[in-house]
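For reference, the structures are reproduced in the following blocks.
Both complexes shown next keep chain A, but they swap its partner, so chain B is in the first and chain C is in the second.
For the complex of A and B:
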């Protein structure tokens, strides 16, 4: 790629970041997302107890702030009923939520935009057929579809260590992809419908360019802004979904430090004993979802201004 | 002169861009008496619409009128009025007719309700009285069947009717000042002629002062008494209309007048005069003359000192140091060619047939409605192109003219293969060619190329000029990347662009530069036929002529043929060797460009030719107005398709039988029931041939 294209991209990115960070809300959201991302990457180095399942029976049920003992630093968020350090578990939980929601979003955006662009550009019976399938998928409530899919895959009996078992372990990731591919495809399709009527696409057709060239080289660049906005929106929904499935017991399995799972494990009677073991992971979920939403609002604004 | 209706002195209008206020219109002045009509001419970005809004004090929040100027309307100072006072002035005394009438009407309200609403808001009249006033004004603007029009929604009216409704809405309160902002741009010449006649007639009856804003010098010549020529926000010249056209005193007015091709002027006679360069951006105005960079008369003084708007007597003024040296001898087409080469006259006999179009058809099927399903009917298709026969010769230009909706664009898309034909044959160099681009061989693809109407959308905004030009070279001419690199530079030079433009992106190019790149891209595969669909209609007048010159020169160098589509007959006439006139999917006249604008011609051609606003105030041709709208291509008229609008209809035979082709001479044929001698006799010669000079 020539240098002038590179410098243009740098300038565009700088403009984009400028608009994104000028607004206080989206700046705050972006900062928080990056804070959680930092935890997700370096969590194991930051957590005082790198093994989230360390059970220390001597400190079971220890509160957040024991005024008497005043052991701040040892267990800032207290310990749960099994003596696990909540602070460490919250930090370590960031990794799994980012991995599953993030990877799920990436897969759904890649697959969804390829499918959607092809549908939009090609049109005809192919578009018609796939369009109906997408409509059908979108008609089913997301959480219900997710529960059914997880239920089915979890109950299949796989050989331990086989790729199927590996897949079953990452079933939530798969569910996110299945749920969001149609949504992204719809956005990509409608953008492609708009772009394909432009004369530069016709000029490419007159040159006899193959379909993949027209889709990826001529249409895709103009659609990317819309896809970026959609991706950020999908990411925030994916986080919500991962947490929900965890809470319902269909996501990560105990004893992994999943935020949703932690909320589930510590509700009911246990909440009287160790309210902090529920409050902190719940707070983390809420903060991250709000942060991603603020950021995606900002991204939408920045993309619209940029055009 | 009576007391002025509008008296503007020293008006400066600024827009906020980022944190700065940038003056978009500087030192504007204007005097307008009641019952008079003044024209405001300028290209895009000249500030003419800004003036219109400023005169009404209707600028957005990012615009303001700077203090120090004067804006008096009927003796009142508008600049000191409060918003509430302005609103009552807007309601009845000053009216604006915008360019896009379709967008000015509320799509969810019936026409009648919208018009009476204006009356209610302005004068408090309602009920039967308002109804009566509305019907009267509809009658005045020549709307047929006012009651029916009032009962329709805007989308049910044609563009010309919508424009008439908007003019009626403006006139209904009997305003003292009417500002028309490009009211006919975007309309067909035939409709434009009707609207211009209407404005002229209404002004004669009422005592309204009119400001007519346009970029079309022909319209100004036909309509206005005085003209202000605007450039980059400053008045360049002010003059009574006859004097401006006879003797422009500013190099810019001169350049504008010279860059428009006259009807009958041909590429074989001369190149068009063009103004080099691009208008300056608002933010980079220099302290000298704003036109200095593009001026042929420029001297050193122009670059450092701003010329004043000098009064020349006779109500004329010009902003130029050297106005005395600009005189009538510079008017008229450039002698020889501006690019230093003489165009050769081609001999028809020894050119080969490049493409033969035989009985080409395109019928768009119409989806069945529920009623159609129940009755087991198939609705009639839209016959966009319905049996066209054409021959294109190598190295020649075939011009295609007709109103919008006549099927010109569909025909071109069938030939290029972007649309699949319903029937008929296409032969390129004697071989049959396939329906769509997907089925055509690379060899055929490389022989056919296209230049589009809208340069804005013709280039991918994410690809550099180099990438846009390299692709066809590699793809269609099989060049290696290294070879293509050298050829890109070559192509850019050929379209008069510097080589360093290769690294620019479309958003760094002006409209004219984009179109040059598009033309270079079309020529990259060394095609035999290039389809040009309205290639200059989106460009400014001063840029248009340069692009037309370029097309003429490239044709000379490459020997490519053009299929040239345009609604502008003078432009088509300039570039074409042969012209075909299309109406409702069929050709009605085909002939050599030099013959076509002389009688005898088909009544439809006659109407098209007479509708052109000629850029000469002394030229008052008898107009042959086409009132009705184009019939639907789904329900075509029987017999001759033109009979519903034909002013020369001779009787039942026109409604019942399809007209025969009558040959005037070799290569010139007319499809009409009227015998040729009679046509000739009916169409007394217009004084067009002398004017070509």
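For the complex of A and C:
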């Protein structure tokens, strides 16, 4: 890659970031997402009690957080009915939701765009058939399919330590990746259909370039804006889905500090005893979902403006 | 028109076939043995497993099992549950579906008019203050996961505000749990429906109002709007007679999308509120590893979705003569 091309790309990225951050809503959303990302990466260093299941504290302590005095106190978000520090658990919970939703999105975008670009470029019966199958797959709501898949895979018993058991531990991640492949493929396909009639693709065909070269070096660069928008949208849906599955008891298992799970564990009668043990993780989910929505809305706007 | 109808029906049957194949094989081909799971895992003896296997017809070749299962499903024989003391799957599912449909009906009656109004206001005042407020609200508060809004309604509204003097003066309140008997009548169920329906309404609001807003903005940019305005037709009647008439045509599609969304959204809402609908039945069926019941529930959901989409497409084509039918 020569230097002028590189600097052009840096300039494009800077323009993109400029448009994204100009809107106060999307700037706020992006900032919040990066804040949560920071928690996800450095959470174990930031949490006062790095072990989420540390039970050495008094049970059901009210939050000591004092926003007026800017003081955190010993247990900013209180302790739950088992004597675990809610503040530490909320911080430590950021890691799993980002890892599952993020990796799931990355896998689905990579696989989905490869499949979709090939479908669009190749066309013909192959495209027609796979397109119909994708339409049929999308007729089943994602949450229903996720529930069924997670429920079944988790109930199979594998040898402890085998690769299947390893896979079953990451079942939500895999399910998200699998569920979103057809969605991404559909977007990539329609973009590829549009691009493949351009002259530079025809020129590459006449030069006799191989298919993978045409797809990845000629078509892919023009499709990236559409894929970026789709990826950010997928990420926001993935966060939503991970939180919902965790809440329904189909995500992380107790006692892991998963936000959705914490909300579920502290609802009903327990809410009267320790409302803060539900309110703070629910607030974290709400903030993250709103932030990701605002950011992906901003990304869509910035990409549309860039074109 | 005939060609359109034919293509639409072919697509309908193809989709139905593919999704039924997928539902069947996902639940049968995945590693692990359903018969052993039902018999009780590793502790079960081979003899017990074998007995369950032959009872469920699991010894036949897979394609034959699929044909048997689909034939039984379409013929109305959905088998007996394992999870619910041998009740008939079909009776159970029909009863729960009726309950979910009641909830969905209340949610649609609340959300469709409200979100159309909000969407039209936002669209007519694009990028002005009302639009910014409505867009920000639909992007943030109402796009929260259903369980967050649901728990907010239970913990704050049902347990907090509604017991106050205002509610007592009015003589009504919202129960914090919707765990009514599954066979209650619509009238008996109604008090328990408001809060879950309101939780669903909040999420639907975001969906429908954003689509309506986009439709209104698009129509306002058309040439005929300018022509009508230049002819001296009052703004109000340009909007009412021309813009809204065209902009609201896709509402049919919107309602179809809402019903599709409701099918998965209600799973979470019913679980949060403890409402005896199809969604909470699905979760119970998965937790108790009742494969046949799970398959039937998912098939029923897919059937409802496909029929809704088919109906929406046909209604849209019938209402909009400009659509090329071919």
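The definition used in the following text is that the second predicted complex is superposed on the first by the 292 of 307 C-alpha atoms of A that agree within 3 Å, B and C clash if a C-alpha of one lies under 4 Å from a C-alpha of the other, contacts with A are read in each partner's own complex, and residues count from 1 in each chain.
By our rule, a residue touches a chain if its C-beta (ideal position, glycine included) is under 8 Å from a C-beta of that chain, and two chains touch if they have at least 3 such contacts.
Fair warning: this is a prediction, and the values are worked out from it, not measured in the lab.
Chemist: Clash or fit: chain B against chain C, after overlaying the two structures on chain A?
Modeler: Once chain A is superposed (C-alpha atoms), there is room for both chain B and chain C without a clash.
Chemist: Answer with first, second, both or neither: which of chain B and chain C does A:202 touch in the superposed model?
Modeler: First partner only, chain B.
Chemist: Applying the document's definition of touch, where does A:293 land relative to chain B and chain C: first, second, both, or neither?
Modeler: In the superposed model, A:293 contacts chain C only, not chain B.
Chemist: Name the contact category of A:8: first (chain B only), second (chain C only), both, or neither.
Modeler: A:8 contacts chain B only, not chain C.
Chemist: Which holds for A:222: it touches chain B only (first), chain C only (second), both, or neither?
Modeler: First partner only.
Chemist: On the A-aligned overlay, A:141 touches which partner chain: chain B = first, chain C = second, or both, or neither?
Modeler: second
Chemist: See if chain A has more residues touched by chain B or by chain C, and give me that chain.
Modeler: Counting residues of chain A touched by each partner, the higher count goes to C.
Chemist: Just chain B (first), just chain C (second), both, or neither: which does A:267 touch?
Modeler: After superposition on chain A, A:267 lies in contact with chain C alone.
Chemist: Enter the shortest inter-chain Cα distance between chain B and chain C once the structures share a common frame, rounded to whole Å.
Modeler: The answer for the closest chain B-chain C C-alpha pair is 5 Å.
Chemist: In the complex of these two chains, what residues of chain A are touching chain B?
Modeler: Touching chain B from chain A are residues 2, 4-5, 8, 198-200, 202-209, 217-218, 221-222.
Chemist: For chain A, which residues are in contact with chain C within the complex?
Modeler: Those in contact with chain C are residues 25, 132-133, 135-137, 139-144, 147-149, 151-153, 155-157, 164, 240, 243-244, 247-250, 260, 263-264, 267, 271, 275, 278, 282, 285-286, 289-290, 293-294, 297.
Chemist: Which of the residues in chain B end up touching chain A in this complex?
Modeler: 416-418, 437-438, 440, 442, 445, 448-450, 452-454, 457-464, 466, 471-472, 475-476, 503, 505, 518, 521, 525
Chemist: Can you check the complex and tell me which residues of chain C touch chain A?
Modeler: On the chain C side, the touching residues are 11, 14-15, 17-19, 22-23, 26-27, 30-32, 37, 41-42, 136, 139-141, 143-148, 151-152, 154-155, 159, 260-261, 263-265, 267-268, 271-272, 282-283, 286-287, 289, 294, 298, 301-302, 305-306, 309.
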